[in-house]
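Labels run A, B, C and D following the written order; every chain starts at residue 1.
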Amino acid sequence: MIDFQGIIEDIHEDLKNDINRGLVASYIPELFNIDTQNFGIHVKHINGNSYAVGDWSIPFSIQSISKALSLSLVLPIYKDAIWERMDVEPSGNPFNHLSLLELENSIPRNPFINAGAIVIADMMVSHFKNPKQVFLDYVRELSNDQTINFNYNVAKSERLTGFGNYAAANLLKAYNNLENDVDEVLDFYFHQCAIEMTCEQLSNAFFMLANHGKCLQQKERLTQSQAKRINAIMLTCGFYDEAGEFAFEVGLPGKSGVGGGIIALLPNHFTITTWSPGLNEKGNSLIGMKALELFTTKTNLSIF
Amino acid sequence: MIDFQGIIEDIHEDLKNDINRGLVASYIPELFNIDTQNFGIHVKHINGNSYAVGDWSIPFSIQSISKALSLSLVLPIYKDAIWERMDVEPSGNPFNHLSLLELENSIPRNPFINAGAIVIADMMVSHFKNPKQVFLDYVRELSNDQTINFNYNVAKSERLTGFGNYAAANLLKAYNNLENDVDEVLDFYFHQCAIEMTCEQLSNAFFMLANHGKCLQQKERLTQSQAKRINAIMLTCGFYDEAGEFAFEVGLPGKSGVGGGIIALLPNHFTITTWSPGLNEKGNSLIGMKALELFTTKTNLSIF
Amino acid sequence: MIDFQGIIEDIHEDLKNDINRGLVASYIPELFNIDTQNFGIHVKHINGNSYAVGDWSIPFSIQSISKALSLSLVLPIYKDAIWERMDVEPSGNPFNHLSLLELENSIPRNPFINAGAIVIADMMVSHFKNPKQVFLDYVRELSNDQTINFNYNVAKSERLTGFGNYAAANLLKAYNNLENDVDEVLDFYFHQCAIEMTCEQLSNAFFMLANHGKCLQQKERLTQSQAKRINAIMLTCGFYDEAGEFAFEVGLPGKSGVGGGIIALLPNHFTITTWSPGLNEKGNSLIGMKALELFTTKTNLSIF
Amino acid sequence: MIDFQGIIEDIHEDLKNDINRGLVASYIPELFNIDTQNFGIHVKHINGNSYAVGDWSIPFSIQSISKALSLSLVLPIYKDAIWERMDVEPSGNPFNHLSLLELENSIPRNPFINAGAIVIADMMVSHFKNPKQVFLDYVRELSNDQTINFNYNVAKSERLTGFGNYAAANLLKAYNNLENDVDEVLDFYFHQCAIEMTCEQLSNAFFMLANHGKCLQQKERLTQSQAKRINAIMLTCGFYDEAGEFAFEVGLPGKSGVGGGIIALLPNHFTITTWSPGLNEKGNSLIGMKALELFTTKTNLSIF
């Protein structure tokens, strides 16, 4: 029997002195002003047990982690029609690059680069009258926690500074890969990214991906095949242009965000969420990456 | 003594049967509905003589030709500070590509790719309270014709469909190479491109570039050095990714627009404007290119 | 208990009528003249059991599958020093493209694009007096079969037509990422790719990667961590620019070759080799890809 | 009447103190060991007069300047068939980049990037039994000087270190845009670049391009149209990715080489050659560029 609690406490102890070494995202004040001392880990085992250490109960901006959640919401609705508008290949490029998008006629490489996530957001806007509320309700249900909410200041700041996303959305529109108005789609997208969740809430929300599609309440949210596919995309594309490195060092499907959060999981076993706001040069949490590497080494649990 | 009138009449006769072979720009209805039968040539000699044939007195949408005019307005104001925000190298890429722009940190390759022209437009918006009126007055003075005006429907259609330009402007903004609001800059830019002029008006407006900077009224608009530099940029960058071909086949500095117009000039000798709406696959007037090639061959006048 | 033998027989039956739909590699006569009717599957279970159907005992050219074997030979020798000369990120580009290589100063994206495999070959040449014999002995030992050999005609044909590889090797040399002579390194590389093996021999040779580093004879060839890392690279980079698709559809680490072979594996469970020479447009065996997709669907065994 | 002798003496005086500021090409010892103090200018007027100052009579390695000479030799033979194997557009990229070449299916952008010049060399090898002797004889005739010769040590050093050129040639071969053996073509190419000439000899050799195709001895080497076309290519592509800058600052067709030489010309007026081994970061002679800029400013002679 693996002592999960002991292991994450050891990791927390080992790494907490390195917390200040990364750089916090600086493009909006709400992220820049986060206390870099925050460091939390939360594990949700498939058998229902929870293990946690540090600042696992403080909400933070989930940012790009939301892309995996919006994909999981849209996939059962649009099914394979999604893949007519984007691909599932790693991008091999930093996350904000438009170059490949243009060269490839506005077919985003995968649903986790910004352009791909914007197309997913476009599907949300096309399919739902009130996509923001639908998405928020979905995340609350998955996490079994009605307190989860948007940080409207973050959404507003993203809107005021998100020129790269406006560029991407307009490029998609220019190539007929965006059905709705650029402003309407991005309004949803910026709110989706601006949800705040704790490590615990994220571990719970992603439980379905470790549990063959069934969420915490054992309700089938995804077919087994859909869960498997999202996991595959998380492994190959979940960490910007550091996806190969993460698969290599950690060996788990996962998704990171510039708010400093990382969610990872081992099918049939557990989900794990780490939060530490300091980022490495690729935009992934520096301490979170190390914590997950230590976790798979110490538990000897990885997909490989 | 060269018989300019005879030469352009011969060229007009030779080519008029090929008029229908190109394709008219189709992205906005105002351009798409142009009668492809239009074909005009107008030559303005440095000695004041004019020669004309065909539809030289019908106004058409000058589109990208306006980029050379806005550069000529901004250059005496901003001088070399312009080149801190863009380069003077050929792009080697189609005119709407954002890739290079992103790879090169939003320093546009030259003032004639859309992104470069948008930066010039940004300078207009920064420097003038009413840039649209200033630009229109400037063009009217150069052409000595107060009837020149914007086609507001064209400007509106460009705004409604110009997603590629919105993408470029937002990308410039993301990299801090745009001082003003994206919408404000593009509003000016779309009007600048939507001016309508005749072949004669264009030949007159560009007279200063063949005349060492002095316009039709012999007023110094540009220093000799500035005129020379704009000519150099027109030669190397004036025809999208067909600039080398134009230099090779025609051998004159020039600028084309998707409205089917081409202005070209030989310093100390003449300006020449052709108009035929059918475009080749690179977006340059098919018949216009041929007419200019014939013109330099028959007159034996080129810079090379 | 899963009926592996029944499952692969069903798959073989289901797919054998589609055998002729792919295209055989045509760049060298030895590959072009392969009988496309060949179709074999071989499974080696971690418990020692074997299951096989069709042409599993006919040797074929392993081609790029050899890249995983050479990496496994070099990794315990050079250890992390390997990653100073190449990366572990997916390339996001077709397998023969030099562009990224040049843009990234000759640091190949991963050990499975040709340029990366050539750097691994360079390490072999630097470290061993007779790298060809060392490599052959290694493969024979892993497979427990001394009959395995090079096809010298294939190696010779590759040398006479491998201009793309010469281009890559010279580019590496130009950027100081090749220690030995281009010709010497490529001579080894072409032989490495020209080894012929059966499905059974490949399933046996890759056994160590499903068995935490211990080969068929239970000798430790790789540390557990090294085996895990090679698996991670196979998952993210093993199928040219179709790696994401393979992870998505199949969900196993694996490696393909233009000879029509594919090896895949599930750690702790099995290795599986398929062979069908007809390729899809990405250069992977068309029927092999489908067979593996059916296999993971029917057995419900994948890493996700 | 312009005082050419006085002007170039002034320029020489003005710039000689800046001679040491550039960096000498360091990839082969023969170029690296050049005395950076060398600085020569030579003007050949269309009327037959010559003007010279400084080290105009010392031979130096012409390097890429030879590309314009080989093009002028091949053009009358292959005529427009040349343009089926390469284009005439500026590359917009540094001179040794293979990326565009690969993306564009091995059609070099123009005859002055290395890949394009290698295709021209391939034509020489296809058409002549002894292309090296033919080329040397051609250059000697143009310059009216039988003392011109290869520097065999330079050719040998280029061969031993020219991995980038081997990469380009192999890539061309891979895409069927090279008829002969890579080694044979590059042997010619390295010798072509290794010719040594003085400023005077270069001014004389390029006389035909300023004289409508007729060489110093008034023999027609090129048709007027062919001369015009080579001039057009020199203007748009003659200075690596600084061609736009050169057109902008100098305004003359020209060609530079990493040996520190630059040849430029004004049709109907003159050829001018400068030599100063220190290079700027783009690989063009730092002092040579400045000297030519001063020359066109002081004489007020440029094509624009």
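Brief remarks on what is shown
Methods note: a residue touches a chain if its C-beta (ideal position, glycine included) is under 8 Å from a C-beta of that chain, and two chains touch if they have at least 3 such contacts.
By chain, UniProt protein names: A, B, C, D = Glutaminase.
As the structure is a computational prediction, the values presented were derived from the model and not from experiment.
Note on connectivity: the fewest steps through touching chains from subunit B to subunit C is 2. Relative to subunit C, the most remote chain by averaged C-alpha coordinates is B. The interface at A-C recurs elsewhere; of A-B, C-D or B-D, the pair that shares more than half of its residue-numbered contact pairs is B-D. The angle needed to superpose subunit A on subunit B by their Cα atoms is 180 degrees, rounded to the nearest 5. Subunit C and subunit D, compared by their mean Cα positions, are separated by 47 Å. Chain centres here are Cα averages; for subunit B and subunit D they lie 32 Å apart.
Inter-chain spacing, taken between the CA centroids of subunit A and subunit D, is 55 Å. Touching two or more other chains at once is no residue of subunit C. Taken pairwise by the contact criterion, the protein chains form one closed cycle in which every chain touches exactly two others. Touching pairs of chains, sorted by label, consist of A-B, A-C, B-D, C-D. Every residue of subunit D that touches subunit C in the complex is listed here, in rising order: 97-99, 102-103, 163-164, 166-168, 170-171, 173-174, 182.
Contact residues of subunit C toward subunit A in the complex are 87-93, 100, 109-110, 224-225, 227-229, 231-233, 235-237, 241-245, 247-248, 251, 253, 267, 297, 300, 302-304.
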